[in-house]
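One chain, chain A, appears in both complexes that follow, with chain B as partner in the first and chain C in the second.
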Partner chain A sequence: MKKMKKRSLFFTVIMYSIIFLLLFPLVILFVWSFTKNWPWPNIVPKAFGLRAIKYVFSPTSKSLKTLLFSVWLSSVVTIITLFISIPAAKALGLYKFKGKRLFKLLILAPIIVPPVAVSMGIHVTFIRLGLANTFLGVVLMHIIPCIPYGVRILTNVFEIIGESMEMQARVLGANPYKTFFYITLPMISPGLVSAGSLIFIVSFSQYFTTFLIGGGKIVTFFMLMFPYIQSGDRMMASVYSLIFILTSLVLFVVIEKTVKAYYKAENYFYI
Partner chain B sequence: MSRLELKNITKKFDNKIILDNINLVVEEGEMVSLLGPSGCGKTTTLKIITGLIYPDNGDVLLNNKSVLAVPVEKRETVIVFQDYLLFPHMTVEENIGFGLKMAKVDKKVRDKKVKEMINLVRLNGHEKKYPRELSGGQKQRVALARAIAVEPKVLLLDEPFSNLDGRLRENMREFVCELQKQLKITTILVTHDREEALMTSDKVAVMLEGKIRQFGSPEEIYKKPATKDVADFFGEKNYIKGTIENNIFKSRIGNFKTTFNKFSKGKAMIRPEEIEIFSKDVDTGLLGKIKKKKFAGDRMYYNILINDVEIKCITKFNKNYNVGDMVSVKIDFNDAVFFKEE
Partner chain C sequence: MKRNLKPYVLLLPVMLVILGIFVSGLVMALIQSLGYFPVVGLKDITLKYYKEVLTDKSFLSSLSFSLYISFTSSIIAIIVGILLAYSILRSNKKERMEQIVYKLPIIVPHAVAALLMYNVLSQSGILPRILYNMGIISSQSEFPSLIFDNRGIGIILAYVWKEIPFIAMVVYTILSNINDKLSEVALNLGANKRQVFFHILLPLIMPSVFSAFIIIFAFSFGAFEVPYLLGPTAPKALPVKAYIEYNNPDLTHRPYSMVINMSLTFISIILVWLYHKSFKLISKYDG
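On to the complex of A and B.
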């Protein structure tokens, strides 16, 4: 009994330390956002001000417009990537075929190979195809680093749920399409949320590839905040970063709640 | 309600023969058991009947028409799988109505049918529950109702009771039997449980290593096993070598009268429960020595040596002898099954 208590105290300490370590940087970002100047070696800012916040929320900075555009772009990327990932993951998770292990490894290639190397070549091709500096071009480029996340997560999901539920639906009279929409999709929906969240984040934080393929014509939120981080304008960078984090967070919570409510998916399986 | 026929079904996986020339006829409204140890191809047979797996050879006939070209969802043959496979995101009602919804049955008709099914499997009050809120027996009944709701031509039950224990298992078995008789659905029950197969079915097909070794009524299968394999599947047996001449069976343990005279040299199979033992004062003309003894509650297992031949014997628990005791043994060779020496 006593040992248990001691142990639980130990874990509590660890848990709160981790939470603190994760959240404290956010607090600093928050404080920086409202700072006017904060010279070294002061522990607290010398003066507070709303310069950064006023700028970011003013129409001239086009921050909110860019943010919405960015969310739209990454959502498109997420949806397309998931559509591609589902059949691929199902094949890798459920079917037996030659070279399956090789394919599983190859799927990870976009993470292993440096994106710079790939995107340079793709850029040249896209110029020829007229896809450079276009929305579609950037979407296609973003899909490449996103695919590994989508396929890997969903492969695990398919491995867990197996094929038996689909078989059951088929013998009860559901054709393959109905089986997919009534059975497979709800069964993998928790996995879709996890995979979708990761894909969204990966696309949302692409900088180099967007810059290269978009050629400065396609401006995402990350590209807007990058110069401030680079130049050391901490107030501006903090405000942008906070918005960046909050956007993804709010989006995930909303999506997860919607999916849960829609499919009444409650802890019947999670990865 | 339909007649099902399997003709020369053969299936290989990775060059390993899983099903070897399976022939089986299930008459309309009949309940047939496919009995065999795990891994003998029973489930594969069911999947071939539904169309989930395509056979390498042979044909599946429903009402004398080949259904091999009919896709799974249109075959109207439903499997109830061992682990029920209820859809976790649907309520009991939605699960039972799933097949009807897929068949585009009108919502009102569907609701009525679902209600009927819920009454039939006695799940009133559980309509809005999710599968995770149900007990094993309840899940089983939902799975059953879901299958019956679509009024399948053939109902296939894949080890339906093996996840239930003890009393519940017996109750469900009885329940399913009654339901099958009441609705007269052509049914195949896959099981590895001998008692289950014998008790529930009109006919039993014993399946060993991808082949159907014997197909007949439960009594026939038990009393007149066609081969040693089939006999052994129903429990340990005694085999006594000997010769038959003029209705006399001659063996190392003695000569006995028998009505059998189809061949002269072979083995007589005697079930352990058919051998009776008495104290040595009773004269049966056959004396044996107890070699081993095991107590199993309602029964006693004895191994008896008669002229160095070891005979297994099962008696009631109240026949108590000690190891080394001499006992009188009574064996009726008229009940024996003879196998020709190979």
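On to the complex of A and C.
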């Protein structure tokens, strides 16, 4: 018995050490955001201040405007992706058909095949079609990496709920539209919420695709943040990152609360 | 007949986007890599660019640098991730830890993970400061440069940081769904906890761990941000090299960049195939 306790103490120590190593860098990020002056070799900042935060929130920096624009762009991406993912997920979740495996692989592929290759390959075509440097072009590029998450989550949902309820509605005389809006949609809505939040975050975190296809004309929050990280401006980079993380976190927590009201959502993995 | 076509009709919108942008992007890259780029007058299909790039020393060192980074970071992430998952399972604070580990990788993007490593590991970062104050190093320059270094330590650790929670969640979900009875039977038959872990639990989680490995390996192999932000000037990771070639103002240079892109794609297609195989393994265990 004593030995058992010792063992579980061992694993508790391991758990806390790993969690500490994961969280510690975030604490440092947080401290940097409120720092005024932090010279070598001080372990704590010499002076705290709100200079960086004040800059971000000042009207001249355009950061807030860009943040709102980013939220808008990612919302558009989310809505379109959900819209096209629902039918695809229904097909994959409910029916057996020839080539199903190939379709599944094609839909998963954007997670694995580097977006760098895809964006550079399609860039010339986008320029020719007038899609480069436009809002629509960036939205279209963002949809690609979002599709795997949207379709996979919703496929699971359709596998769980099945087709019997829809069939019943149809048998009782509902037309396809009524069936969709009164039966299917309410049943899949918790899945839509979790798929939507993940899609939003995937789009919100896109850098290379926005950078290449947006051509500097379409500026998302991530694009503002990136140069600060690149130049090693810790204070500014930390503030931008903190705002970025908080935006995602708020969205995530709100959505989690909404979903929990329906059912305990399964965890969906995200890299 | 109508019924038979239904799934294809339902898949049409997604497939339009996948085929119209994703697949055609790759096809365009392939065509350009073969030297067909009529915009600047390149019209001959040739393998010359492949020959040149694939025998180029700097390409080969970039390729091995990329493979080395992805492999090392994925292996470390897998080991620490499994350890974390198992220790959360054995602890009594499951719920809270689960929440932290689940949310972390979702809300922190790769570029921010790079910043985190920069804040901690660079020569003016918090780690050398702590070591200095403990008297372990006596000056800033005594701390080895772990960022922008040609061993890619900063890049590897950024990926490890980002991927540990992902692996931990994948493993944790499977571990907590594995029937306790299996372990109990083994324990009853005289196995110790270590034996239960290595002979019962590990084989059961292995197929999923393998497919998770493929995903993080492929992702880190093809991702641009982290090596761009933390990488050395030479060797450059493949995606960064592809972009630098792409940016060459001389457009007749474009096929070189596309050959690099095709190499990235080719390796990732092999990985997709392996992933597919690993799923067969998982379903074998399910049955």
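In this section, the second predicted complex is superposed on the first by the 222 of 271 C-alpha atoms of A that agree within 3 Å, B and C clash if a C-alpha of one lies under 4 Å from a C-alpha of the other, contacts with A are read in each partner's own complex, and residues count from 1 in each chain.
In the analysis below, a contact is a pair of C-beta atoms (placed from the backbone, for glycine too) under 8 Å apart; a residue touches a chain by one contact, two chains touch by 3 or more.
Remember, predicted model here, so these are calculated numbers, not experimental data.
Residue by residue along chain A, chain B and chain C are tallied for touches, and C comes out ahead.
When the two complexes are overlaid on their common chain A, residue A:M165 makes contact with chain B while staying clear of chain C. In the superposition on chain A, contact is made by A:P115 with chain C only, not with chain B.
Applying the stated contact rule after C-alpha superposition, one finds that A:P59 touches neither chain B nor chain C. Comparing which residues of chain A touch chain B with which touch chain C, the overlap comprises 269.
By the touch rule above, chain A contacts chain B in their complex via residues 164-165, 167-175, 178, 182-183, 186-187, 263-266, 268-269. By the touch criterion given at the top, residues 7-8, 11-12, 14-15, 18-19, 22-26, 28-29, 32, 40-43, 83-85, 87-88, 90-92, 95, 97, 100-101, 103, 105-122, 124-125, 140-141, 143-144, 147, 151, 198, 201, 205, 207-208, 222, 225-226, 229-230, 232, 234, 237-238, 241, 244-245, 248-249, 252, 267, 269-271 of chain A touch chain C in their complex. Residues of chain B that touch chain A in their complex: 47, 50, 52, 71-79, 81, 83, 85, 87-89, 98-99, 102-103, 130, 132, 146-147, 150. Across the interface of their complex, chain A is touched by residues 4, 6-15, 17-18, 21-30, 32, 39, 80, 83-84, 86-88, 90-91, 97, 100-112, 114-120, 122, 124, 126, 128-130, 132-133, 140, 161-166, 169-170, 173, 193, 212, 214-216, 218-219, 221-225, 228-229, 239, 242-243, 246, 257-258, 261-262, 264-265, 268-269, 271-272, 275-276 of chain C.
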